[in-house]
Structures are given as C-alpha cells and as structure tokens.
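The structures considered in this document are given below.
Two complexes come next, and they have one chain in common, subunit A, joined by subunit B in the first and subunit C in the second.
Moving on, here comes the complex of A and B:
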C-alpha cells in the first residue's frame, strides 16, 4: 500500500515530466481538462488541471471533473511514477476511469508519451 | 469452387457475396460482418474453421508495422488464434506489397502522385507500406495517427517522428480493446461530428487522403475541394458519400468485383489459397509474382462525372 505522500510525489513526477515536454504541451493546447485522482484504500485525492497545454497539481478533489481516475494507492503510484503503464490495470479492472472514452484514450496517450519505451 | 470468407467486426450492412475467377479457378468470396460483436466473430471463425479455403479478418488488424517492428494487436491475435486449420489472414501481408505498388502506379503511370503532393494518411501504422512508399517518393505526408486515433491535433510530419512515437505508444495501445482505437460496428455508419469540425482543416489542406476507409469516412468534412482518396473496401454507398462530399477521384488498391472493392484481408485470403503455402512462409515476392500474374490494377474512379 502506498501512502498519500507517495501518491503526491508520483503525481509531482508525472506533472514535472509532462511540463518539461514541449511536444506534449503543444499537443494538448486544445485540451483543457480537470482530472481527479482518487485512491480506494487510503484517504487520498488530487486534482490535475490541464490548461493551455500546461498541467498543474493540487491536493484534494475538485467538483465536476472531466475525468476521475480511481485505483488502489499502489497502482496509482506505480502508474504516475511510470513503473507500469495504465493499460494492464485498466484491462484487468484494477484501474477505473470515469469520463468520456475519448478523454480516457487521450490521457493514456499522454502517459505513454511520457513513459513509453 | 474455392470458398473464401471474410469475418469482420464491421457493420453487417456491408455483407456481400461475389463469384470471381482467378487463374482459371472459380471462387466464392463472401463477407460476414458482426456489428462490432467480438464474441460473435469468434464463434463464426470457429464454425468456419476447416470448412472453407481461407479466412480473412476484417474490421480489425492483427499486426501493425512501423519499419521493421511488428506490433501484435491483442484482440486481433485472439481472433486469429481461434482458427486452427484454415489459413487466416488480416491483410497486412498484402498491404505491405500491393499498396506500395499502387503508389508506384499512381506516380509513374497516372501522374496523380508526385514529389511534393500533399498527402494526409489518416492512419499510417495500419498501412505502413503505403505510408512509407508515399514518403519515399517525396510526397509532403501528414501522418494523422495521433489526430484521428487519439484526438490529439498534432500532425506527424516525418517518418522518424512517426517511428519514435509509435515505439512509445504501440506496445501498449495494441493491448487495449480494439473498439477504443478504431471505429467498429455501428460507428462505421456514422461520423464523429465534433472531430469532423475540429479536424476539417487537415482534410481540406490535403490533395490526397489515404488510408483505411472507415477512418477516412468517419472524419471527412463537407466541401472537400476535389481531393483524391486512396483506400479500399468501398461500396456503392461509400462512393456516393464521397461524391456528395466533393471528392474528385477514388483510387482503391484492390480491384472491383460486382460494384465494390473488397478489403485487403479478403484479397489476401484469396491469394493465400492460390499460393498454397502456410501464411508465415509466404514472402513479399510470392505476393508480387501472383499479383503480376493476376494483373491486379488499382481501380481509379472519376467522381466528378
């Protein structure tokens, strides 16, 4: 089980890597979205906000997010640290994403462009 | 008579059966769409196994290629592995040979393609042979894989960047449910209106639009300005759709039978049944030699008249 602090750190690593990637920022200039990340086994909520291609992170959940990413703390930390890709936990049901399928695919692509081989 | 059947995840509205002769042999070629129902496709494949001469898998890719790398699509592989006896193909072997050849024919014999021609490939990893041939002949190619698969308005402009991005994305994306990355079933009969509006400029800016017909159709805007469409698997309704949109010319890589061009999977299944070797032993030269004997030519249809 990961702690809230570990999830926070993993999300910081993710957002830092995203914001350092100029190509990703260009790719997502049109995609303003609010993404809530929620752990199921520890009290941990975060909000990532994409605006004009840049991602910011804050602790706590936002109302009316476009996407909500839900999983156990260990899986969330693994995904956002880039230790695993979201595909397998998504396919086996460990990871749930609430929102439109288009947004989900796009988030998956972003994650792969940061962490892919 | 030899029987070749294409089992497709696409719409059953496109089902069709034709009789054709190749090198003196009669063929019954049919297509069975399952409207996106994966389990129904699996069942059909198991029922047909051992009872027909060759099977094509439609509406899904089993293998995606970029340069020398091959990525197996999990759902496609599952369908392919359901067939134990009959040769089963997804069209990727033929795409890699015939579609390169079609680009050459269009450049050398018709003048429709030349250095600098602006080409939009709606998706290139499923038709890498065509994409690479266009790029090698000096066309100004926009690879639309991220735009039309992920909704990311980022045109890939070089083969190197395509290869780099594909290397990051395809190992994982190929493991996702196929319907998430490609329009299957009823989605093939409709357009994604939001993306049609959002990405219209990529269509309007191109002189030639190439790739999978279902993708081309799903995102094509109105008021096309006399572009050329380079694709396959078109029906009379599709041709009317393109005409209404303002397309000038339709080039299909596979020949026409009874008013429609079949998918590369169907034609590859026909070729495999003629060649008579296990699929994995068939080389590009085997296909090219047979295509030469069969005098396969692209169909070029003027839609302005």
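Moving on, here comes the complex of A and C:
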C-alpha cells in the first residue's frame, strides 16, 4: 500500500513532467479540465487543474470535477510515476475513471506522451 | 462530489435506442414476418424484446458491479479469463463491423438508388463512410440533444407510419395468436434479436452518469419503446403489402412508405433511413475505433492503432482502417447481395454474447460475492440462467436455419482463437523485447520508512 505522500510525490512528478513538455501544453491549451485523483485504500485525494494548457496540483478533492480517477494507492502511484500504463489496470477493473470517454482517451494519451510505452 | 457533465435519463434512453435503430432493422423486421403466418410478426418482436429485457438485466448487474467503458472485455475477463474475453470481444467487433456495415450499406444504397437512380449505389456508401470518417477523426459525436432529436424523431416516424398504414387498411387482427410452427416462431424471435442489436452499447456511459441505475432504467425503457415501435411498423408493412414483395426488396421500408404516403412517404422514409444509417455508422465507428485503440495499448492489436491525432485526440489510424474495411465490406455485400446472411450472422453473434453475459453474472456472483452491486437481479440465478438458455437456443436456431451462418461463424471464431493464441503472445513479446531496460521511477521505500509510516 502506498502512502498519501507517495501519491502526492507521484502527482508532482507527473505535473512537473507535463509542464516541461511544451508540445503537450500547446495541444491542451483549449482543454480546461478539473481532474480528481482518489485512492480507495488510503485517505488521499488530489485535484489536478488544467487551465490554458498548464496543469496545477493541490491536495483535496474539488466538488465539481470533469474527471475522477479512482484506484488503489499502489496503482495510482505507479501510474503517475509512469512505471505502469493506465491501460492494464483500467482493463482489469483496478482503475476506474469517471467522466467522458473522450477525456479518458486524452488522459491516456497525455500519459503516453509523458512516459512513453 | 458531482461530475460537471452528467447525462440525463432521456439521453441514456435516446443513446440506447439510437444505437439499435438502423436501416437494416427493417430487413430484419421483414424476415421476422416471413417466418410467421398472417400478421403475427408482432408476437415474435415483443417476445424478442422481452428476452432482451433479460439480457438488459444481466448487463445492468455487470455494469453496476464493474462500471467501465471497456464493457464485455472486462466483464468476461473477470468472469472467465483473458483468453475467452479477448476471443469473444474481437469476434464480436469483427462480426458487428461486417454484419452491420454490410447490411446497412446494402439497404441505404438501395434506398438512395430509388430516390436518385442516376447515382451509382456504391458512390453513396463511399460518400457516407467518408463523412462519418471525417466526423470521427474530428471527434464530432452525435450526442446529447442531437442524439435525442434524431432518435426520438426516428421512433416517432416509425410509429406514425405503422399507425397510418393500419388506419388506411382499416386493420383488424386475423388469428392473432396463430403464428404457425414452433420452429418458425423460434427462428422469427432469433432474427428479431437483430432489431435490438446494440441496446447494451450504452453501458460505456456508466462513467458519465451519477446513478448507475439510470443506465439499466434507460436500457429497459429503450427496449420497451423499440418493441412497440417495431411491432407496429412490421404489422403495418405486412398489412399493406404482400410479404413476398417486402422480402425481396433491399429497402422494404421505402416500398412500404410509397404504398402508404406516395412520394412524400418516400422522401420522409429516405430521410429517416439516412439519419438511421449515419447514426449507426458513426456510433459503430466510435465504439470499434476506441476498442482498437485500447487493444493496441495493451499490445493485443498492432501498435499502429495506438496513433492518436495530435490535433483532435482521436485514434485516427483505427478510424482510417475502419473506413477501408467498411469500403471492402460494403463493396462485397453490394456485389453479392447477401445482406440477409449478414443480418443472421449479427443476430447469432448478439445471441452468443447475451448468453455469455448470463453466464458472466453467475460466475461473478461466485467469484466476487462481497463486491457491492448497485443493481442486483432479483430471483437468484433464475434470470441469468434463463438468459443463457434462451439465447443459446436462439443462436442455435439461426445456425440450424442457415448452415452457412454456422460455417462463417465457426471460421471467424477459429481465426480469432488462432490470433489470440499466436499473434497476441507475439505482439506482447515484441513489446517486451523493444522496451528499454525497466527502470523504476518510483523511489523504493526502505523498511524503516515503511515502519515509520505505520507506527
């Protein structure tokens, strides 16, 4: 089981890598979204806000997200560190994403562009 | 916590019904009537609808248990194993593409050929597939209010035509409860399942609604409305025109519309058919291209299908591939005119998937007994067991009535099985070999750190 701090660290690594990627920022400049990341086995909630192509992170859950990413703490930390792709846990039911299917594909694609295969 | 974009029950119903409404549905309706005596097609359609209620209940339980856009891919994986899930999912997608695109192309080209005889049939298909491919690549979806308008417009038109026809001939049911032989009824119900193909494709919306029960309610309402609309329309068709005339036409709905309302009817029905085909092609392409993208991401399909448009964030490689597959399938179907076979093939495949869905409910109740189920089918194993038995019989009925369907299905199944057992391991091995030496980015915690956290 990962800790809340580990999830926070993984999300910081993810957002730092995202914000360093100019291509991603340009691609997402019109994609303003609020993404809540929620762990199922530890008390851990974060909100990533994409605005004008830039992503920011804060602790706690937003009341009105566009997307909610739900999984166990280990899976969340591994995904946001880029140690595993989101596809495998999504297809075996470990990872749940609430939101539109198009947003889900974009989130997956962002992770692909940041971490590669 | 509330999602910003929440779909209403009205849209869930429209999406579920909209996915099933296709121009080829009228071919299936005529085939159903052809198996039965007199004007009793409504019996088979309503019975088919009731059976689909059973399947809808199973989908509702699975969807509540595992709410996901991955649908049967995940349900069957958790209920059976990865190999079964992959084989059936690929086979299902394959048959749906071939069956629906082929039959739909034939019907719509026949419809448009009646309205514009100077334009070659195949040109219409190329144009429509190009339009849908363009929409898909640009990420244009027929959703929300547009989906509502199109679906409810189509349903209203179908009901309206049925009622006008019945009124015009001063219809009275003759021997309403004498549909003929048992085998005729079973075959009619089996083909009738095609009328409802795709109602369950609304389950990926599970992640876009706040209450999972809305999906099940939406599916049930859609099935109820469709059953009544198709029953009225089919009885109307057979009341106005001889079955032989309808069975031998690739666009029976237009022949019927002409008989009921003359040229105005043809124009109206052509518009209805066009809307039905465009929504079917569009929804089919969205679903199958997303499936191909997700499969490529898990190294089940070639990596090329992972390509996503940088501008529109849509899986363009999968969409373009589907466009060419559609062209080939449509061309072959137009050339051979064997569209009825495709309807039968799709009906049989759908029955197999529904039968497995019943089994999946039973299996998951045993494997995951404590997992919360927002929707639990009442009556223990009765409904899932009935679903499995009923749809197994219906699939068998299609196979025995046309052995070619069985042969094509068996060949397609074998190809999928061989693919899953040889190509998939190869693709996964290739991915592992090409992957740079695994370097874990996440820092490894020391035992002391772990202890410290839990003291």
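The working rule: the second predicted complex is superposed on the first by the 116 of 117 C-alpha atoms of A that agree within 3 Å, B and C clash if a C-alpha of one lies under 4 Å from a C-alpha of the other, contacts with A are read in each partner's own complex, and residues count from 1 in each chain.
Going forward, contacts are C-beta pairs under 8 Å (C-beta built on N, C-alpha and C of every residue); 3 or more make two chains touch, one makes a residue touch a chain.
This is a predicted model, so every value here is computed, not measured.
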Key: First (subunit B), second (subunit C), both or neither touched by A:30   = first
Task = In the overlay, answer first, second, both or neither for which of subunit B and subunit C A:98 touches.
result = second
Task = Check whether A:106 is in contact with subunit B, with subunit C, with both or with neither, and answer first, second, both or neither.
result = both
Query = Where does A:83 make contact in the superposed view: on subunit B (first), on subunit C (second), on both, or on neither?
reply = second
Query = So, does A:13 touch the first partner subunit B, the second partner subunit C, both, or neither?
reply = second
Inquiry  = Looking only at contacts as defined up top, I'd like to know whether subunit B or subunit C touches more of subunit A.
reply    = C
Remark   = So the subunit A residues that subunit B and subunit C both touch are 27, 85, 87-88, 90-91, 101-102, 104-106, 108-109, 112, 117
Inquiry  = Under the stated contact criterion, what part of subunit A meets subunit B in this complex?
reply    = 23, 26-28, 30-31, 85, 87-88, 90-91, 101-102, 104-106, 108-109, 112-113, 116-117
Remark   = Within the complex, subunit A is touched by subunit B residues 146, 149-154, 165, 167-169, 171-173, 175-177, 180-181, 198
Task = Please name which positions on subunit A make contact with subunit C in the complex.
result = 3, 6, 9-10, 13, 27, 34, 36, 61-66, 68, 77-78, 81-83, 85, 87-88, 90-93, 96-102, 104-106, 108-109, 112, 117
Residue ranges of subunit C touching subunit A (in the complex, touch as defined) = 1-5, 66-70, 73-74, 77-78, 139, 141, 204, 207-208, 290, 293-294, 297-298, 306, 308, 310-311, 313-315, 431, 435, 440-443, 445, 453
